[in-house]
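Labels A, B and C are assigned to the chains in the order they are written; within every chain, residues are numbered from 1.
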Amino acid sequence: MQEISQSLSLAVALITSLDSTLLSIAGLSLRVSGIAVLAAALLALPFGAWLALARFPGRQGVIAVLNGMMGLPPVVVGLLVYLMLSRAGPLGPLGILFTPAAMMIAQALLIFPIIAALARQVIEDAWGEYREQLVSLNASRAQCMRALLWDMRFTLTTAVLAGFGRAIAEVGAVMIVGGNIDGVTRLMTTAIALETSKGDLPLALALGVVLITMVITINLAAQWVKSTAMKKHG
Amino acid sequence: MVNRGQSIDKKGVVISDNARNLLVALTGKSRLLVATLVGTTVLNIASPDGAGTAFAQEKFIVVASTTSTQDSGLFGHILPHFKAKTGIEVRVVAQGTGQALAIAKKGDADVVFVHDKAAELKFVEEGFGVYRRDVMVNDFVIVGPNSDPAKSSGNDVIAALKKIAAGKSPFVSRGDKSGTHAAELRYWKAADIDPQAGKGTWYRETGSGMGPTLNTASAMNAYAFTDRGTWLSFKNRGELSLLVEGDTKLFNQYGVMLVNPAKHAHVKKQMGMQFIDWITSPEGQAAIAAYKIEGQQLYFPNFVAQRR
Amino acid sequence: MADAKILPLAVVGLGFRVGDISVLDGATFDIAPGSRNIVLGPNGAGKSVMLRLLHGLLTPTSGRVGWSNPDALAVRRAQAMVFQRPVMLRRSARENVEFALHVAGVRNVRNAADLALDRAGLMRLADRPARLCSGGEQQRIALARAWALQPEVLFLDEPTASLDPAATNAIEEAVNAMHRAGTTIIMTTHDLGQARRLADRVLFLNHGRLVEDAPAVSFFAQPTSPDAAAFIRGELLW
């Protein structure tokens, strides 16, 4: 208990002093996960919408696999991405192992199934309500997908935030593909792991508090935007 | 006759139809969004700490090393000296010795800096490493509960281990093929004890780095085998204290080597050699010796230049 | 309006089975251009199913829906439908109409949408989020949206079933206005009063069968089938 109160005051001190190392690590975490979620969402949302509306043999199997991949172990994803990006691997010549780009790729892969699976469910449910009207209007499949994605934007924002939360919280994948290099690929989560391994538990916990605060703040902001927009648009 | 629903609702829609729709949806979606994504990705990869070799203006090398050297704070102390002198940034990827050698074998590092001489020499023999040099020595110690139930305290590591095994006192091992773990196993062997016999009862393997292993030992109030450097900078000691030290057998040799450019053409040979030369130079060796925690020197430089 | 007309429509032996149950059985009739056709009958008679078969939302299990134009695309584009519950996208009323126009390939959607809303007396709602409008307003927007497409045939499936008399009146007026402008109306209802007000011709369904097909005047004055007669008297039909 004493450690927790010690950590809380340390966390407050770190935040208010705007410690420069903390700022750069926090900034990097936001940047890596932000880009990862943007890239993943740009592909996962249309994919989920397409899957919701498509009908082909084996579709149920694809949905089951997609849902299952929401539980991909991050460390396994990290290992696979490492093997791809390693110099000995197919994408080695790109030279992006142990850089933020590698971490963005790993995180994007990790959260793609989350956003896609949730989008698929949301759009499929909405399709039940909208189908007859959209078919009556002769909307093409692509037009239906876009109309539904836009109409369900509030629910889909929650799915995207879920993906972001997963990305910014994971440590296994980014540790392997990033290497936790000081000043280059050290994120909040890998810094916490490092301080824990050095036995500096109060600092580790303080960093954890800062991380949680960051994530909650982002979610609060998103919620505010959502509710303002919902009041305006129904 | 036409059926309105035919192309959308009927089961068994031609798959190529679906694929076409998917492509249209993916690329037909807001061009602005796609452009933003491409733009930001390119900018990120192109930025100084992004990908690199083609874009990087900075000079840097990747050194695969061990968690003990990182956790003890040595790199934080000596690397700024090197950067100031040569302008080369050293990016340390600190994992266990086993993992460091594995990624070096694949060519994902330029230099290897670990402490398992036997494994290093084998690495060189197999052609994956070149220019191996001794760099420094630190020592291992055994820590344990203040009360020392096994009465292990002293300067004889073999005797201490025998007493710990005889009394079945709880002992936490790294169990992760690291340099420290390899050393620990050598001492057990020298004491003629197979710790696996006590696996799961008094001998616990955490499969993790030195820090987490010490955390576990602290929580369990158990004995553990560790390097002095990690112990001195470890802040979660609980009721553990340093019990066994000073045995000459406990010295631990660190070595540095270049990943063989013949196997991996992209290895930064010139900058890597600058690092190897510097860390074995009088200046580098002095920097190592100057690093102290609680007034104690942790690493003892011992590079001896070969006479040609 | 499409260049080649899709009417007259010849429906022959139209049927729809779900498993063992015959929801619609052997309906045969013609639809002539410019008529107001009311499909009348008690709940569960198969009225909604028939409308969906004609409009192409369902595939018949037997029989034929014979439009005059062989061009499938032209046939689809010449029709529009208003459903019992209006389906509005989460955007403004105007944008809902614009969406339909955009899908139909119209260039200047803003002008056309404003025209449609104005004609329906809904300009004050143009920028209001459609989902925040009342049920009656939403249905009127749905009708304005359909009108904007200038369909040859307008299907309506019990459009005023959940509306109050004022909104019902507004919808019926709009339907009549569209009819006067040349659209053929095919509408289902179980409301006798509405049928009396709007029908030129009545198709009476019961238990999935087309029991009677007659001009409105003679249907209400002298129904030939006992079921129809009972329905008009206000009795419940089994």
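Convention: a residue touches a chain if its C-beta (ideal position, glycine included) is under 8 Å from a C-beta of that chain, and two chains touch if they have at least 3 such contacts.
The shown structure was predicted, so the numbers you read here are calculated from the model rather than taken from an experiment.
Sorting all chain pairs by how many C-beta pairs they have in contact places A-B at the top.
Compare each chain's C-alpha centroid with the centroid of every protein C-alpha atom shown, and the nearest one belongs to A. For this pair, chain A with chain B, the centres built from the Cα atoms lie 27 Å apart. If each chain is reduced to the centroid of its CA atoms, chain A and chain C end up 47 Å from each other.
Chain geometry summary: the mean Cα position of chain B and that of chain C are 73 Å apart. The set of chain C residues that touch two or more partner chains comprises 55, 57, 76, 79. Touching two or more other chains at once are residues 135-136, 138, 140 of chain A. Taken residue by residue, chain B touches two or more other chains at 4-5, 9-10, whereas all remaining positions touch fewer. On the chain A side of its complex with chain C, the touching residues are 129-130, 132-133, 135-140, 143, 147, 150-151, 153, 232-234. By the touch rule above, chain C contacts chain A in their complex via residues 52, 55, 57, 76-77, 79-81, 83, 87, 89-91, 99-100, 103-104, 129-132, 149.
Taken together, the chain A residues at the contact with chain B in this complex read 31, 35, 38-39, 42-43, 46-47, 49-50, 53-57, 86-89, 92-101, 104, 131, 135-136, 138, 140-142, 145-146, 179-182, 184, 194, 196-201. Looking at the complex, you find that chain B touches chain A at residues 4-5, 8-13, 15, 18, 21-22, 24-26, 28-29, 33-34, 36-37, 40-41, 44-45, 49-54, 62, 67, 70-71, 75-76, 91-95, 103, 106-108, 208-212, 214-215, 218, 233-237, 264, 266.
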